[in-house]
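Chains here go by letter, A, B, C and D, matching the order in which they are written, and residues are numbered from 1 within each.
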Amino acid sequence: MNAGRPGPSLRKDYADYYVIQSRWMDKDVYGHMNNVVHYSLFDTAVNGWLIEHGLLDPHKGAALGLVVESGCRYFSEMAFPDIITAGLRITKIGNSSVRYEVGLFRNDEDRASAEGFFVHVIVDAKTRRPKPIDDSARDALEALLVM
Amino acid sequence: MNAGRPGPSLRKDYADYYVIQSRWMDKDVYGHMNNVVHYSLFDTAVNGWLIEHGLLDPHKGAALGLVVESGCRYFSEMAFPDIITAGLRITKIGNSSVRYEVGLFRNDEDRASAEGFFVHVIVDAKTRRPKPIDDSARDALEALLVM
Amino acid sequence: MNAGRPGPSLRKDYADYYVIQSRWMDKDVYGHMNNVVHYSLFDTAVNGWLIEHGLLDPHKGAALGLVVESGCRYFSEMAFPDIITAGLRITKIGNSSVRYEVGLFRNDEDRASAEGFFVHVIVDAKTRRPKPIDDSARDALEALLVM
Amino acid sequence: MNAGRPGPSLRKDYADYYVIQSRWMDKDVYGHMNNVVHYSLFDTAVNGWLIEHGLLDPHKGAALGLVVESGCRYFSEMAFPDIITAGLRITKIGNSSVRYEVGLFRNDEDRASAEGFFVHVIVDAKTRRPKPIDDSARDALEALLVM
(Lines give C-alpha, C1' and ligand atoms only; values in the text may rest on other atoms or scores of the structure.)
Protein backbone atom coordinates (compact mmCIF):
# COMPACT_ATOMS: atom_id res chain seq x y z
CA MET A 1 0.00 0.00 0.00
CA ASN A 2 1.18 3.45 -0.76
CA ALA A 3 3.42 5.79 1.13
CA GLY A 4 0.79 8.48 1.48
CA ARG A 5 -1.29 6.36 3.85
CA PRO A 6 -2.41 7.92 7.09
CA GLY A 7 -1.36 6.46 10.43
CA PRO A 8 -3.72 4.57 12.73
CA SER A 9 -7.30 5.83 13.15
CA LEU A 10 -8.91 6.79 16.43
CA ARG A 11 -12.00 5.20 17.97
CA LYS A 12 -14.14 8.13 16.83
CA ASP A 13 -13.28 7.32 13.22
CA TYR A 14 -15.46 4.20 13.42
CA ALA A 15 -19.26 3.94 13.34
CA ASP A 16 -19.88 1.12 15.80
CA TYR A 17 -17.92 -1.18 18.13
CA TYR A 18 -17.72 -4.87 19.01
CA VAL A 19 -15.74 -6.08 22.02
CA ILE A 20 -13.67 -9.27 21.76
CA GLN A 21 -11.48 -11.02 24.31
CA SER A 22 -8.04 -12.24 23.44
CA ARG A 23 -7.19 -15.90 24.03
CA TRP A 24 -4.09 -17.60 25.33
CA MET A 25 -3.41 -19.22 21.98
CA ASP A 26 -3.47 -15.87 20.17
CA LYS A 27 0.11 -15.33 21.25
CA ASP A 28 2.85 -16.86 19.18
CA VAL A 29 6.45 -17.67 19.93
CA TYR A 30 7.30 -13.97 19.86
CA GLY A 31 4.97 -13.34 22.81
CA HIS A 32 2.45 -11.15 21.01
CA MET A 33 -0.74 -11.68 19.07
CA ASN A 34 0.16 -13.52 15.88
CA ASN A 35 -0.61 -11.54 12.71
CA VAL A 36 -3.09 -14.20 11.58
CA VAL A 37 -5.33 -13.76 14.62
CA HIS A 38 -6.25 -10.20 13.63
CA TYR A 39 -8.18 -11.56 10.66
CA SER A 40 -10.10 -13.89 12.94
CA LEU A 41 -11.09 -10.84 14.99
CA PHE A 42 -12.22 -8.98 11.84
CA ASP A 43 -14.43 -11.93 10.88
CA THR A 44 -15.83 -12.20 14.38
CA ALA A 45 -16.58 -8.50 14.72
CA VAL A 46 -18.25 -8.07 11.34
CA ASN A 47 -20.23 -11.33 11.31
CA GLY A 48 -21.14 -10.79 14.97
CA TRP A 49 -22.48 -7.33 14.15
CA LEU A 50 -24.39 -8.67 11.13
CA ILE A 51 -25.99 -11.46 13.20
CA GLU A 52 -26.90 -9.05 16.02
CA HIS A 53 -28.58 -6.77 13.50
CA GLY A 54 -30.51 -9.59 11.82
CA LEU A 55 -28.50 -9.32 8.61
CA LEU A 56 -26.88 -12.76 8.64
CA ASP A 57 -28.17 -16.22 9.48
CA PRO A 58 -25.26 -18.49 8.51
CA HIS A 59 -27.40 -21.63 8.75
CA LYS A 60 -30.76 -20.75 7.23
CA GLY A 61 -30.28 -17.41 5.52
CA ALA A 62 -30.89 -16.98 1.77
CA ALA A 63 -27.67 -15.02 1.35
CA LEU A 64 -24.19 -15.05 2.83
CA GLY A 65 -21.01 -13.03 2.45
CA LEU A 66 -17.82 -14.54 1.04
CA VAL A 67 -14.51 -12.75 1.52
CA VAL A 68 -12.81 -11.96 -1.80
CA GLU A 69 -10.07 -9.68 -0.50
CA SER A 70 -8.63 -8.73 2.88
CA GLY A 71 -5.70 -6.83 4.33
CA CYS A 72 -4.22 -5.49 7.54
CA ARG A 73 -1.62 -3.00 8.74
CA TYR A 74 -0.06 -3.63 12.13
CA PHE A 75 0.98 -0.61 14.22
CA SER A 76 1.65 -1.97 17.70
CA GLU A 77 1.49 -5.21 19.63
CA MET A 78 -1.45 -6.79 21.41
CA ALA A 79 -1.32 -9.80 23.72
CA PHE A 80 -3.35 -12.00 26.01
CA PRO A 81 -5.29 -11.11 28.21
CA ASP A 82 -6.08 -7.85 26.39
CA ILE A 83 -9.68 -6.88 25.78
CA ILE A 84 -9.96 -5.69 22.20
CA THR A 85 -12.55 -3.27 20.92
CA ALA A 86 -13.12 -3.66 17.20
CA GLY A 87 -14.23 -0.43 15.55
CA LEU A 88 -16.43 -1.05 12.50
CA ARG A 89 -17.15 1.01 9.43
CA ILE A 90 -18.26 0.43 5.86
CA THR A 91 -16.65 2.52 3.16
CA LYS A 92 -18.43 1.12 0.12
CA ILE A 93 -21.70 -0.67 -0.57
CA GLY A 94 -21.75 -1.91 -4.15
CA ASN A 95 -24.41 -3.80 -6.07
CA SER A 96 -23.48 -7.09 -4.42
CA SER A 97 -20.42 -6.29 -2.36
CA VAL A 98 -19.54 -4.48 0.86
CA ARG A 99 -16.17 -3.16 2.01
CA TYR A 100 -15.76 -3.35 5.78
CA GLU A 101 -12.95 -1.66 7.66
CA VAL A 102 -12.03 -2.72 11.18
CA GLY A 103 -9.73 -1.07 13.72
CA LEU A 104 -8.50 -3.03 16.70
CA PHE A 105 -8.12 -1.03 19.92
CA ARG A 106 -6.21 -2.55 22.82
CA ASN A 107 -7.83 -2.14 26.23
CA ASP A 108 -8.37 1.59 26.81
CA GLU A 109 -6.21 2.85 23.99
CA ASP A 110 -7.70 5.38 21.62
CA ARG A 111 -5.34 4.76 18.69
CA ALA A 112 -5.71 1.50 16.73
CA SER A 113 -3.07 -1.21 17.21
CA ALA A 114 -4.02 -2.59 13.80
CA GLU A 115 -6.38 -1.69 11.00
CA GLY A 116 -7.71 -3.92 8.30
CA PHE A 117 -10.47 -4.45 5.82
CA PHE A 118 -12.27 -7.10 3.92
CA VAL A 119 -14.62 -7.16 0.99
CA HIS A 120 -17.67 -9.39 1.18
CA VAL A 121 -19.37 -10.49 -2.00
CA ILE A 122 -22.97 -11.33 -1.17
CA VAL A 123 -23.94 -14.67 -2.69
CA ASP A 124 -26.99 -16.87 -2.82
CA ALA A 125 -26.56 -19.42 -0.02
CA LYS A 126 -27.30 -22.34 -2.35
CA THR A 127 -25.80 -21.46 -5.71
CA ARG A 128 -22.93 -19.38 -4.26
CA ARG A 129 -23.46 -16.92 -7.14
CA PRO A 130 -23.40 -13.16 -6.43
CA LYS A 131 -26.78 -11.59 -5.81
CA PRO A 132 -27.78 -7.95 -5.38
CA ILE A 133 -28.03 -6.62 -1.83
CA ASP A 134 -31.71 -6.03 -1.13
CA ASP A 135 -32.99 -2.65 0.00
CA SER A 136 -33.65 -3.52 3.61
CA ALA A 137 -30.15 -4.92 4.07
CA ARG A 138 -28.72 -1.88 2.32
CA ASP A 139 -30.58 0.42 4.70
CA ALA A 140 -29.31 -1.48 7.72
CA LEU A 141 -25.72 -1.53 6.48
CA GLU A 142 -25.80 2.23 6.03
CA ALA A 143 -25.60 2.51 9.82
CA LEU A 144 -21.89 1.68 9.43
CA LEU A 145 -21.29 3.76 6.32
CA VAL A 146 -18.54 6.35 6.70
CA MET A 147 -17.76 8.52 3.71
CA MET B 1 -13.94 -42.92 30.84
CA ASN B 2 -16.16 -45.15 32.83
CA ALA B 3 -19.88 -45.70 32.78
CA GLY B 4 -20.37 -44.55 36.33
CA ARG B 5 -19.52 -40.97 35.45
CA PRO B 6 -21.91 -38.26 36.50
CA GLY B 7 -23.63 -36.06 33.94
CA PRO B 8 -22.75 -32.39 33.43
CA SER B 9 -22.11 -30.20 36.51
CA LEU B 10 -23.99 -27.03 37.36
CA ARG B 11 -22.50 -23.55 37.73
CA LYS B 12 -22.59 -23.85 41.52
CA ASP B 13 -20.23 -26.84 41.31
CA TYR B 14 -17.39 -24.49 40.33
CA ALA B 15 -15.39 -22.13 42.51
CA ASP B 16 -14.87 -19.18 40.19
CA TYR B 17 -15.81 -18.07 36.67
CA TYR B 18 -14.18 -16.56 33.60
CA VAL B 19 -16.25 -15.24 30.70
CA ILE B 20 -15.10 -15.87 27.11
CA GLN B 21 -16.63 -14.88 23.80
CA SER B 22 -16.97 -17.33 20.98
CA ARG B 23 -15.47 -16.44 17.60
CA TRP B 24 -16.69 -16.95 14.07
CA MET B 25 -13.90 -19.42 13.31
CA ASP B 26 -14.83 -21.61 16.29
CA LYS B 27 -17.53 -23.19 14.19
CA ASP B 28 -16.59 -26.00 11.89
CA VAL B 29 -18.27 -27.45 8.83
CA TYR B 30 -20.93 -29.03 11.06
CA GLY B 31 -22.06 -25.58 12.22
CA HIS B 32 -21.11 -25.93 15.87
CA MET B 33 -18.05 -25.23 17.97
CA ASN B 34 -15.34 -27.65 16.88
CA ASN B 35 -14.22 -30.04 19.63
CA VAL B 36 -10.69 -28.63 19.51
CA VAL B 37 -11.80 -25.12 20.45
CA HIS B 38 -12.95 -26.22 23.90
CA TYR B 39 -9.34 -26.85 24.87
CA SER B 40 -8.41 -23.35 23.76
CA LEU B 41 -11.11 -22.04 26.10
CA PHE B 42 -9.76 -24.16 28.98
CA ASP B 43 -6.29 -22.70 28.45
CA THR B 44 -7.64 -19.18 28.21
CA ALA B 45 -9.79 -19.45 31.34
CA VAL B 46 -7.15 -21.02 33.55
CA ASN B 47 -4.19 -18.95 32.39
CA GLY B 48 -6.37 -15.83 32.42
CA TRP B 49 -7.36 -16.52 36.01
CA LEU B 50 -3.73 -17.18 36.99
CA ILE B 51 -2.55 -13.94 35.39
CA GLU B 52 -5.37 -11.94 37.02
CA HIS B 53 -4.41 -13.34 40.41
CA GLY B 54 -0.69 -12.65 39.96
CA LEU B 55 0.19 -16.33 39.73
CA LEU B 56 1.53 -16.40 36.17
CA ASP B 57 3.76 -14.07 34.22
CA PRO B 58 4.39 -15.96 30.98
CA HIS B 59 7.19 -13.62 29.92
CA LYS B 60 9.20 -12.88 33.06
CA GLY B 61 7.98 -15.35 35.68
CA ALA B 62 10.34 -17.83 37.35
CA ALA B 63 7.85 -20.67 36.90
CA LEU B 64 5.30 -21.72 34.33
CA GLY B 65 2.79 -24.53 33.92
CA LEU B 66 3.10 -27.14 31.18
CA VAL B 67 0.12 -29.33 30.31
CA VAL B 68 0.88 -33.04 30.69
CA GLU B 69 -2.64 -34.40 30.33
CA SER B 70 -6.03 -33.06 29.27
CA GLY B 71 -9.50 -34.31 28.46
CA CYS B 72 -13.04 -33.23 27.69
CA ARG B 73 -16.56 -34.62 27.59
CA TYR B 74 -19.03 -32.92 25.25
CA PHE B 75 -22.71 -32.84 26.30
CA SER B 76 -24.36 -30.32 23.99
CA GLU B 77 -23.45 -27.94 21.19
CA MET B 78 -22.21 -24.38 21.41
CA ALA B 79 -21.85 -21.95 18.52
CA PHE B 80 -20.95 -18.39 17.56
CA PRO B 81 -21.94 -15.82 18.86
CA ASP B 82 -22.47 -17.54 22.22
CA ILE B 83 -20.99 -16.02 25.35
CA ILE B 84 -19.36 -18.81 27.34
CA THR B 85 -18.81 -18.79 31.07
CA ALA B 86 -15.99 -21.05 32.09
CA GLY B 87 -16.45 -22.46 35.58
CA LEU B 88 -13.10 -23.17 37.29
CA ARG B 89 -12.12 -25.53 40.07
CA ILE B 90 -8.99 -27.31 41.25
CA THR B 91 -9.37 -30.87 42.49
CA LYS B 92 -5.76 -31.62 43.35
CA ILE B 93 -2.67 -29.61 44.24
CA GLY B 94 0.36 -31.89 44.29
CA ASN B 95 3.98 -31.14 45.08
CA SER B 96 4.57 -29.62 41.63
CA SER B 97 1.32 -30.24 39.77
CA VAL B 98 -2.23 -28.89 39.72
CA ARG B 99 -5.36 -30.50 38.29
CA TYR B 100 -7.79 -27.91 36.92
CA GLU B 101 -11.35 -28.73 35.92
CA VAL B 102 -13.32 -26.43 33.66
CA GLY B 103 -17.02 -26.43 32.78
CA LEU B 104 -18.25 -24.47 29.80
CA PHE B 105 -21.70 -22.87 30.21
CA ARG B 106 -23.46 -21.52 27.14
CA ASN B 107 -25.09 -18.10 27.55
CA ASP B 108 -27.51 -18.34 30.50
CA GLU B 109 -27.55 -22.09 30.81
CA ASP B 110 -26.94 -23.59 34.23
CA ARG B 111 -25.84 -27.03 33.05
CA ALA B 112 -22.41 -27.40 31.40
CA SER B 113 -22.27 -27.96 27.62
CA ALA B 114 -18.85 -29.52 28.07
CA GLU B 115 -16.53 -30.35 30.94
CA GLY B 116 -12.83 -30.93 30.82
CA PHE B 117 -9.64 -30.89 32.79
CA PHE B 118 -5.96 -30.47 32.45
CA VAL B 119 -2.98 -31.14 34.64
CA HIS B 120 -0.26 -28.51 34.85
CA VAL B 121 3.20 -29.49 35.93
CA ILE B 122 4.92 -26.43 37.35
CA VAL B 123 8.39 -26.05 35.88
CA ASP B 124 11.28 -23.67 36.19
CA ALA B 125 10.93 -21.19 33.32
CA LYS B 126 14.54 -21.67 32.23
CA THR B 127 15.37 -25.31 32.82
CA ARG B 128 11.83 -26.59 32.19
CA ARG B 129 12.35 -29.03 35.07
CA PRO B 130 9.55 -29.55 37.63
CA LYS B 131 9.79 -27.39 40.72
CA PRO B 132 7.72 -27.43 43.92
CA ILE B 133 4.80 -25.02 44.14
CA ASP B 134 5.75 -22.37 46.69
CA ASP B 135 3.55 -21.66 49.69
CA SER B 136 2.15 -18.34 48.53
CA ALA B 137 1.07 -19.81 45.20
CA ARG B 138 -0.39 -22.80 46.99
CA ASP B 139 -2.43 -20.52 49.24
CA ALA B 140 -3.74 -18.57 46.27
CA LEU B 141 -4.64 -21.70 44.29
CA GLU B 142 -6.66 -22.98 47.23
CA ALA B 143 -9.29 -20.39 46.33
CA LEU B 144 -10.28 -22.76 43.52
CA LEU B 145 -9.93 -25.98 45.47
CA VAL B 146 -13.07 -28.11 45.58
CA MET B 147 -12.92 -31.38 47.45
CA MET C 1 -0.79 -39.12 34.98
CA ASN C 2 -1.02 -41.92 37.45
CA ALA C 3 1.77 -44.33 38.05
CA GLY C 4 -0.02 -47.37 36.67
CA ARG C 5 -0.34 -45.83 33.22
CA PRO C 6 1.78 -47.22 30.41
CA GLY C 7 4.36 -44.94 28.83
CA PRO C 8 4.23 -43.77 25.22
CA SER C 9 3.50 -46.34 22.49
CA LEU C 10 5.77 -47.11 19.56
CA ARG C 11 4.91 -46.73 15.88
CA LYS C 12 4.35 -50.48 15.57
CA ASP C 13 1.54 -50.24 18.14
CA TYR C 14 -0.63 -48.46 15.56
CA ALA C 15 -2.48 -49.92 12.59
CA ASP C 16 -2.07 -47.16 10.01
CA TYR C 17 -0.41 -43.76 9.66
CA TYR C 18 -1.25 -40.26 8.43
CA VAL C 19 1.46 -37.63 7.93
CA ILE C 20 0.78 -34.02 8.95
CA GLN C 21 2.97 -30.94 8.77
CA SER C 22 3.28 -28.59 11.67
CA ARG C 23 2.53 -24.91 11.13
CA TRP C 24 4.16 -21.74 12.40
CA MET C 25 1.12 -20.84 14.48
CA ASP C 26 1.18 -24.20 16.27
CA LYS C 27 3.83 -22.85 18.56
CA ASP C 28 2.75 -20.80 21.55
CA VAL C 29 4.61 -18.35 23.72
CA TYR C 30 6.56 -21.21 25.31
CA GLY C 31 8.11 -22.07 21.94
CA HIS C 32 6.54 -25.50 21.54
CA MET C 33 3.37 -26.91 20.03
CA ASN C 34 0.47 -25.68 22.14
CA ASN C 35 -1.49 -28.47 23.84
CA VAL C 36 -4.64 -27.51 21.93
CA VAL C 37 -3.07 -28.16 18.53
CA HIS C 38 -2.69 -31.89 19.23
CA TYR C 39 -6.47 -32.26 19.11
CA SER C 40 -6.55 -30.55 15.73
CA LEU C 41 -4.06 -33.14 14.50
CA PHE C 42 -6.19 -35.99 15.89
CA ASP C 43 -9.23 -34.64 14.01
CA THR C 44 -7.25 -34.18 10.83
CA ALA C 45 -5.69 -37.65 10.92
CA VAL C 46 -8.88 -39.55 11.67
CA ASN C 47 -11.20 -37.60 9.39
CA GLY C 48 -8.51 -37.61 6.68
CA TRP C 49 -8.23 -41.39 6.93
CA LEU C 50 -12.03 -41.76 6.86
CA ILE C 51 -12.34 -39.55 3.76
CA GLU C 52 -9.49 -41.38 1.99
CA HIS C 53 -11.22 -44.69 2.67
CA GLY C 54 -14.61 -43.50 1.46
CA LEU C 55 -16.11 -43.59 4.96
CA LEU C 56 -16.89 -39.89 5.38
CA ASP C 57 -18.32 -37.26 3.08
CA PRO C 58 -18.76 -34.25 5.36
CA HIS C 59 -20.90 -32.39 2.81
CA LYS C 60 -23.19 -35.00 1.27
CA GLY C 61 -22.86 -38.10 3.44
CA ALA C 62 -25.88 -39.61 5.23
CA ALA C 63 -23.91 -40.00 8.45
CA LEU C 64 -21.21 -38.12 10.29
CA GLY C 65 -19.22 -38.55 13.48
CA LEU C 66 -19.56 -36.17 16.42
CA VAL C 67 -16.93 -36.17 19.15
CA VAL C 68 -18.42 -36.89 22.59
CA GLU C 69 -15.19 -37.36 24.53
CA SER C 70 -11.49 -36.76 23.93
CA GLY C 71 -8.24 -36.79 25.82
CA CYS C 72 -4.47 -36.53 25.44
CA ARG C 73 -1.30 -37.26 27.39
CA TYR C 74 1.79 -35.22 26.48
CA PHE C 75 5.20 -36.87 26.81
CA SER C 76 7.63 -34.59 24.99
CA GLU C 77 7.63 -31.40 22.99
CA MET C 78 7.03 -30.90 19.28
CA ALA C 79 7.57 -27.68 17.33
CA PHE C 80 7.50 -26.11 13.89
CA PRO C 81 8.72 -27.21 11.33
CA ASP C 82 8.40 -30.82 12.54
CA ILE C 83 6.76 -33.39 10.32
CA ILE C 84 4.35 -35.40 12.45
CA THR C 85 3.25 -38.93 11.74
CA ALA C 86 -0.08 -39.74 13.34
CA GLY C 87 -0.44 -43.41 14.21
CA LEU C 88 -4.07 -44.55 14.10
CA ARG C 89 -5.89 -47.39 15.80
CA ILE C 90 -9.42 -48.22 16.86
CA THR C 91 -9.90 -49.97 20.18
CA LYS C 92 -13.68 -50.26 20.20
CA ILE C 93 -16.46 -50.29 17.62
CA GLY C 94 -19.83 -50.09 19.38
CA ASN C 95 -23.32 -50.07 17.96
CA SER C 96 -23.09 -46.42 16.93
CA SER C 97 -19.76 -45.29 18.33
CA VAL C 98 -16.06 -45.71 17.58
CA ARG C 99 -13.09 -45.09 19.87
CA TYR C 100 -10.03 -43.86 17.95
CA GLU C 101 -6.58 -43.65 19.48
CA VAL C 102 -3.89 -41.50 17.90
CA GLY C 103 -0.16 -41.31 18.62
CA LEU C 104 1.86 -38.35 17.40
CA PHE C 105 5.42 -39.17 16.31
CA ARG C 106 7.86 -36.32 15.78
CA ASN C 107 10.00 -36.56 12.62
CA ASP C 108 11.84 -39.91 12.74
CA GLU C 109 11.15 -40.72 16.37
CA ASP C 110 9.75 -44.14 17.19
CA ARG C 111 8.23 -43.24 20.54
CA ALA C 112 5.12 -41.06 20.64
CA SER C 113 5.47 -37.43 21.77
CA ALA C 114 1.79 -37.46 22.69
CA GLU C 115 -1.06 -39.94 22.67
CA GLY C 116 -4.74 -39.23 22.67
CA PHE C 117 -8.14 -40.58 21.80
CA PHE C 118 -11.58 -39.51 20.86
CA VAL C 119 -14.94 -41.19 20.70
CA HIS C 120 -17.14 -40.55 17.67
CA VAL C 121 -20.85 -41.10 17.93
CA ILE C 122 -22.18 -41.75 14.46
CA VAL C 123 -25.24 -39.65 13.77
CA ASP C 124 -27.66 -39.10 10.94
CA ALA C 125 -26.43 -36.03 9.05
CA LYS C 126 -29.85 -34.38 9.13
CA THR C 127 -31.41 -35.30 12.46
CA ARG C 128 -28.09 -35.49 14.36
CA ARG C 129 -29.51 -38.53 16.19
CA PRO C 130 -27.28 -41.61 16.72
CA LYS C 131 -27.59 -44.29 14.07
CA PRO C 132 -26.10 -47.79 13.93
CA ILE C 133 -22.87 -48.21 12.00
CA ASP C 134 -23.69 -50.16 8.86
CA ASP C 135 -21.90 -53.40 8.01
CA SER C 136 -19.76 -52.08 5.19
CA ALA C 137 -18.45 -49.22 7.33
CA ARG C 138 -17.85 -51.65 10.18
CA ASP C 139 -15.82 -53.89 7.90
CA ALA C 140 -13.72 -50.98 6.69
CA LEU C 141 -13.11 -49.63 10.20
CA GLU C 142 -11.85 -53.03 11.29
CA ALA C 143 -8.68 -52.29 9.34
CA LEU C 144 -7.71 -50.04 12.25
CA LEU C 145 -8.94 -52.32 15.02
CA VAL C 146 -6.29 -53.26 17.57
CA MET C 147 -7.32 -55.50 20.43
CA MET D 1 -11.03 -6.25 -6.47
CA ASN D 2 -10.71 -3.55 -9.05
CA ALA D 3 -10.80 -4.16 -12.75
CA GLY D 4 -7.20 -3.21 -13.40
CA ARG D 5 -5.85 -5.94 -11.17
CA PRO D 6 -4.24 -8.96 -12.75
CA GLY D 7 -5.90 -12.34 -12.27
CA PRO D 8 -4.32 -15.22 -10.38
CA SER D 9 -0.68 -16.09 -11.11
CA LEU D 10 0.56 -19.45 -12.34
CA ARG D 11 3.03 -21.72 -10.56
CA LYS D 12 5.80 -20.61 -12.89
CA ASP D 13 5.40 -17.04 -11.64
CA TYR D 14 6.92 -18.06 -8.31
CA ALA D 15 10.56 -18.71 -7.45
CA ASP D 16 10.27 -21.59 -4.99
CA TYR D 17 7.60 -23.81 -3.43
CA TYR D 18 6.58 -25.11 -0.02
CA VAL D 19 3.98 -27.86 0.36
CA ILE D 20 1.42 -27.66 3.18
CA GLN D 21 -1.41 -29.98 4.13
CA SER D 22 -4.84 -28.68 4.91
CA ARG D 23 -6.42 -29.58 8.25
CA TRP D 24 -9.95 -30.51 9.21
CA MET D 25 -10.38 -27.32 11.24
CA ASP D 26 -9.43 -25.14 8.27
CA LYS D 27 -12.95 -25.45 7.01
CA ASP D 28 -15.58 -23.14 8.41
CA VAL D 29 -19.35 -23.35 8.51
CA TYR D 30 -19.48 -22.62 4.76
CA GLY D 31 -17.57 -25.84 4.03
CA HIS D 32 -14.45 -24.24 2.61
CA MET D 33 -11.14 -23.01 3.93
CA ASN D 34 -11.85 -19.98 6.10
CA ASN D 35 -10.25 -16.75 4.83
CA VAL D 36 -8.15 -16.47 7.99
CA VAL D 37 -6.37 -19.78 7.41
CA HIS D 38 -4.68 -18.50 4.25
CA TYR D 39 -2.59 -16.15 6.36
CA SER D 40 -1.50 -19.04 8.56
CA LEU D 41 -0.30 -20.80 5.40
CA PHE D 42 1.62 -17.70 4.28
CA ASP D 43 3.39 -17.55 7.66
CA THR D 44 4.14 -21.26 7.58
CA ALA D 45 5.50 -21.23 4.03
CA VAL D 46 7.72 -18.18 4.43
CA ASN D 47 9.04 -18.96 7.91
CA GLY D 48 9.47 -22.62 6.93
CA TRP D 49 11.51 -21.59 3.91
CA LEU D 50 13.60 -19.19 6.01
CA ILE D 51 14.31 -21.85 8.64
CA GLU D 52 15.20 -24.45 5.98
CA HIS D 53 17.66 -21.99 4.43
CA GLY D 54 19.27 -21.08 7.75
CA LEU D 55 17.86 -17.56 7.70
CA LEU D 56 15.67 -17.75 10.79
CA ASP D 57 16.15 -19.26 14.22
CA PRO D 58 13.07 -18.11 16.14
CA HIS D 59 14.53 -19.16 19.50
CA LYS D 60 18.20 -18.17 19.39
CA GLY D 61 18.60 -15.95 16.35
CA ALA D 62 19.87 -12.38 16.64
CA ALA D 63 17.16 -11.11 14.30
CA LEU D 64 13.56 -11.94 13.54
CA GLY D 65 10.89 -10.70 11.15
CA LEU D 66 7.73 -8.96 12.35
CA VAL D 67 4.77 -8.56 10.01
CA VAL D 68 3.78 -4.92 9.52
CA GLU D 69 1.33 -5.38 6.65
CA SER D 70 -0.43 -8.28 4.95
CA GLY D 71 -3.13 -8.90 2.41
CA CYS D 72 -4.83 -11.58 0.35
CA ARG D 73 -7.10 -11.93 -2.70
CA TYR D 74 -9.26 -15.05 -2.87
CA PHE D 75 -10.05 -16.48 -6.31
CA SER D 76 -11.48 -19.94 -5.68
CA GLU D 77 -12.22 -22.28 -2.80
CA MET D 78 -9.93 -24.76 -1.10
CA ALA D 79 -10.97 -27.40 1.43
CA PHE D 80 -9.77 -30.30 3.54
CA PRO D 81 -8.05 -32.66 2.63
CA ASP D 82 -6.41 -30.60 -0.14
CA ILE D 83 -2.65 -30.53 -0.44
CA ILE D 84 -1.60 -26.93 -0.97
CA THR D 85 1.57 -25.83 -2.70
CA ALA D 86 2.64 -22.37 -1.62
CA GLY D 87 4.54 -20.53 -4.33
CA LEU D 88 7.04 -18.04 -2.88
CA ARG D 89 8.60 -14.90 -4.27
CA ILE D 90 10.13 -11.71 -2.96
CA THR D 91 9.38 -8.49 -4.80
CA LYS D 92 11.33 -6.05 -2.67
CA ILE D 93 14.28 -6.22 -0.29
CA GLY D 94 14.67 -2.90 1.52
CA ASN D 95 17.19 -1.78 4.07
CA SER D 96 15.45 -3.66 6.88
CA SER D 97 12.30 -4.99 5.27
CA VAL D 98 11.27 -7.73 2.85
CA ARG D 99 8.04 -8.05 0.85
CA TYR D 100 7.03 -11.69 0.35
CA GLU D 101 4.31 -12.77 -2.04
CA VAL D 102 2.68 -16.17 -1.73
CA GLY D 103 0.36 -18.01 -4.09
CA LEU D 104 -1.67 -20.95 -2.87
CA PHE D 105 -2.17 -23.74 -5.42
CA ARG D 106 -4.76 -26.43 -4.70
CA ASN D 107 -3.66 -30.00 -5.40
CA ASP D 108 -2.53 -30.16 -9.05
CA GLU D 109 -3.96 -26.85 -10.15
CA ASP D 110 -1.69 -24.46 -12.01
CA ARG D 111 -3.62 -21.28 -11.27
CA ALA D 112 -3.55 -19.85 -7.75
CA SER D 113 -6.69 -20.21 -5.58
CA ALA D 114 -5.50 -17.25 -3.54
CA GLU D 115 -2.60 -14.83 -3.59
CA GLY D 116 -1.29 -12.75 -0.77
CA PHE D 117 1.68 -10.91 0.59
CA PHE D 118 3.24 -9.74 3.77
CA VAL D 119 5.99 -7.32 4.67
CA HIS D 120 8.51 -8.36 7.29
CA VAL D 121 10.46 -5.73 9.15
CA ILE D 122 13.67 -7.29 10.38
CA VAL D 123 14.23 -6.44 14.03
CA ASP D 124 16.81 -7.18 16.66
CA ALA D 125 15.51 -10.16 18.64
CA LYS D 126 16.06 -8.43 21.98
CA THR D 127 15.29 -4.77 21.41
CA ARG D 128 12.66 -5.36 18.72
CA ARG D 129 14.06 -2.34 16.89
CA PRO D 130 14.58 -2.49 13.10
CA LYS D 131 18.05 -3.52 12.00
CA PRO D 132 19.61 -3.63 8.54
CA ILE D 133 19.53 -6.95 6.70
CA ASP D 134 23.11 -8.22 6.58
CA ASP D 135 24.79 -9.09 3.31
CA SER D 136 24.71 -12.86 3.67
CA ALA D 137 20.99 -12.86 4.41
CA ARG D 138 20.43 -10.48 1.51
CA ASP D 139 22.29 -12.82 -0.83
CA ALA D 140 20.22 -15.79 0.34
CA LEU D 141 16.92 -13.93 0.03
CA GLU D 142 17.75 -13.01 -3.55
CA ALA D 143 17.00 -16.63 -4.48
CA LEU D 144 13.33 -15.68 -4.18
CA LEU D 145 13.61 -12.26 -5.81
CA VAL D 146 11.35 -11.77 -8.83
CA MET D 147 11.44 -8.43 -10.58
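Here is the rule we go by: contacts are C-beta pairs under 8 Å (C-beta built on N, C-alpha and C of every residue); 3 or more make two chains touch, one makes a residue touch a chain.
Since we're looking at a predicted model, the values are computed, not measured.
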Chain located farthest away, centre of chain A as origin (C-alpha): C
Of A-D and B-D, whichever chain pair has more C-beta contact pairs: A-D
Whole-Å gap between the CA centroids of chain A and chain B: 29
Gap in Å, rounded to a whole number, between the CA centres of chain D and chain B: 34
Centre-of-Cα separation between chain D and chain A, whole angstrom: 22
Where chain A touches two or more other chains, by residue: 24-25, 27, 29, 31, 34, 36, 40, 43, 58-59
Partner chain D, residues of chain B touching it in the complex: 24-25, 27-29, 31, 34, 36
Chain A contact footprint on chain B (complex, rising order): 19-21, 23-25, 27, 31, 40-41, 43-44, 47-48, 51-52, 58-59, 80-81
Residue ranges of chain D in contact with chain A within the complex: 1, 29-30, 34-36, 39-40, 43, 58-59, 64, 66-74, 118
